[in-house]
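After this come two complexes, each holding chain A, first together with chain B and then together with chain C.
So, the complex of A and B:
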């Protein structure tokens, strides 16, 4: 005989139901935490300049162009430094490792890392093929086109 | 003028028309119980397959003869490419991939039409297969026709995507993936047939058991081989990055794995009817949703499949399939409602149910992480990506629980466990778990997940040992045969059970490979001056000389690096950068020394400049990573073993049919 409560529901089912709900709430909490800590924002230098505090201590993907005449590579320390720019703002970038094969001035790049005292410290450097976005010749950069090409 | 393009388009159109006829004839034949119409629908399935085969042959002919009047060939092939690249170019881009998918689907339908037992489910299952087929053929015919004829015929094309040309694995991986997706369409079709005919019992899953296992096996092999391709091609020394393309392949795998376990509960206990139906619906619709996500360009992926015109088609079909099949389940709710209840949580079905919940939780989490950027962008306008840490944080603890249940489940009897034996078994397995952790700790391992995984590997090995001992030792004692002989007989009598043990062993092997390579990999950039020996881990690396090579359609620049261990030269690795045809894109191609203990993986970090007296390479040492591929092979073997013909039920029937005393 299966014991049933007043509404025809076995008490064990109620317990399972409550347990299940508890697990769901806990899982939701965990997922929310994990999402919050591992969201990586994609921004351009001028967006950072507007609200630096919002991106403090956050992992970011910073997009932009390699500013002309800013590239230095120390091959003994394997330190690459350059300026990343979107035509409005520029920031210095520090990257440990060699410049990738297609790395050059005016190349579109997406760098991953964090800001530390005004310098972007990167641990991942991706070259975006500039087939979509042609580097500017008159110095004017179309921000929207740049953003699209770096996505 | 009859060109290959026109011929191909005509073959696709014919296949589509025949498929529509087969659908209508199938429905009429099933509704009116008209055997002639049903037979006509079945024979038409063969004709559809012939038509799609013609289309594929025409496409291959166009690729191999460099017929650039066909748009697909003009956009994705190149005269100087080697023959194997031309052959696999069929699935190197969107239009060809959908054609391949449609072709495999028509092939499965044809096989089903010929071999499926004549049950009341068959006509409806074939109707559903035809329905899915019509969708794919329409996509080929309308949205992504690879046979479009060009007015201005170019003299040569750009060639296939360099990343795909770079490794022979690309000839295998996509085909396995589609074979898996298509294989899982068959149980979906039978599930729908079961709902339509009001027979949501176990018949549909018994009839499709092999198809399910086959589809699952292909999907598993596809995922593992895809990981190996990433490892060999992408140059960062890893194999899984939680990229959307990877995520949408693992989600149906999760649900299919859950399905594989939960159908056994229904077969044994007549429970979970609705659950099983919904699981196979979910598996099938996730393959459609996944294709939509990665082919429409709504989520950005490093694999850059690009935004094709087929996105809306897949989205619409996904919505239709989900709505129709869920409504069917609801409509038939009276028949699919479970009447039995779980007797005890500690039982085989309890463990299977638990593992189901875990796999679904992972599916949900991965789906959430994959589409979350879309929500954020829609609501706040910010562009975000969900990083690998999210997926790791969510799935790793769940995987630990899966491994825990994987050890317990097979040892538990159905309905209710006898506590005495269970307790002594768990005690033994727990001892193995602790022992494994202690040994790993003594060897210097301190990270919690790797330690726990190694402990769970011990737990599972003990479990398999207990399972085998429980099955073999008593038989050996009764029959007086040797243990090896009894094991051989047992393995061939219980193919499904022994196959599942082998698959579970493969999972353990993969888990160890992931732990080693994920937890203890060393990744470093090194400046190698030519001639100088630079230490890296237990090795010394010496750049010998730069080289350049020309092969058909490919130009490489690279460096020869001598690898020394204990002062002896063990090998020469040749990391390089490949360039294909006229493409501007370069593909840094790593060079790997595989060993059982760890891999040494070298990739060029920058350009090879003949003016420089040094080269910068990325060196990665990944412990145990080879075992991931070996584990994949073990799983494939176990699946094939379970699928191989001649398991016990068949034998029994033969024995029962023979009259007593009449020796054949």
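So, the complex of A and C:
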């Protein structure tokens, strides 16, 4: 038989109770994170254009497509610039760092950062790829075409 | 004694099932790593998808079945259902943890991040946390009936998040890609070889889950029987275990 305290609670239960409370706090923290950031994970350029003052000096995530023929990459300074567009509005983006492997024209991107004088200064460049998966037609991936799309 | 060792022995059909999993797993790996084509955008990185998505789906099935067995236990209070629920919950925790590990592996080279708090990832992390809570709750309660009931409620709560998680990329803006296979038959945006590879690996993952479910439930039933026998012995000789404080 186990030793029990006044309310029939063994010390072991106190430990488990604290563990349980810890898990609940952690779960609450994650729900909070979800409600704050997940439901509107990113905003579109045209949503920003409607109310730029609302996002003044605020860190935000901007989602859209990489506009064709807008990509410039300075590989010495690691400066990547391109236009992000949702088909309605587009904004120039400045990002320090190499482009990710799946970064190319017309690719979906989510960028984290803030606006400075009409340019979005990003410190985190994420790829939002589509749900279409297909094999390349000749069975080989055209590395040259990929490289060209980044020039 | 021979009765106990007889009970611990795995039945022949279960041993055959287990042995068959090894070649099936190897075929699945071969399909994913060799036979299936690279993706036009992702190249060979697409191959991680076969492990990530099949494991994630079976993780969802495991959570749903945990809640199902839990609900059965709430309904008719048979120990057998609680034993199945625990067996399923252990696999649900394993598969959903593997989903996150595989997802991070896949997402770093493709999406350029290990983790982000979008709706789908957050719901999956919450699912893992609640499944851990499921086992903490079980460890807290000594009475088998109450233990089974409370943990069944936890399992049902976890299962309610499944539709949100499954459709998160459609309902919310997420970084996680949307589904390539619509279950209503409206379309598959995946090359046929890729689809076949994914489905084969999903079946194998399901068979792995099923095997552990059956074997763990078999052990769980022996465990439950021992627990009952021990409780009966303690009732017969109340002072056997030492001083009882009230």
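As a convention for this text, the second predicted complex is superposed on the first by the 90 of 151 C-alpha atoms of A that agree within 3 Å, B and C clash if a C-alpha of one lies under 4 Å from a C-alpha of the other, contacts with A are read in each partner's own complex, and residues count from 1 in each chain.
FYI, contacts are C-beta pairs under 8 Å (C-beta built on N, C-alpha and C of every residue); 3 or more make two chains touch, one makes a residue touch a chain.
These numbers come from a predicted model, not from an experiment.
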Partner chain(s) touched by A:18 [first = chain B, second = chain C, both, neither]: neither
First, second, both or neither for A:30, with chain B first and chain C second: both
Chain B versus chain C as contact partner of A:125, first or second or both or neither: second
Comparing the two partners chain B and chain C, which touches a greater set of residues in chain A: C
First, second, both or neither for A:116, with chain B first and chain C second: neither
First, second, both or neither for A:40, with chain B first and chain C second: both
Partner chain in contact with A:75 - chain B first, chain C second, else both or neither: first
Touched partner set for A:102, first chain B, second chain C, both or neither: both
Chain B and chain C footprints on chain A, overlapping residues: 27, 30-31, 34, 37-42, 100-103, 129, 131
Partner chain A, residues of chain C touching it in the complex: 37-43, 45-46, 49, 109-113, 116-119, 122-123, 125-126, 129-130, 132-133, 136-137, 139-140, 169, 172-175, 177-180, 189-191, 193-194, 234, 238, 241-245
Touch list for chain A against partner chain B, complex: 2, 10, 27, 30-31, 34-35, 37-43, 59, 61, 75-76, 78, 96-103, 129, 131, 147, 151
Residue ranges of chain B in contact with chain A within the complex: 300, 341, 361, 365, 368-369, 372, 376, 382-390, 393-394, 525, 527, 577, 584-586, 588, 604-607, 612, 614, 616, 618
In the complex with chain C, residue positions of chain A that touch it: 1, 3-4, 13, 16-17, 19-20, 23-24, 26-27, 30-31, 33-34, 37-42, 63, 100-103, 110, 124-136, 139, 141
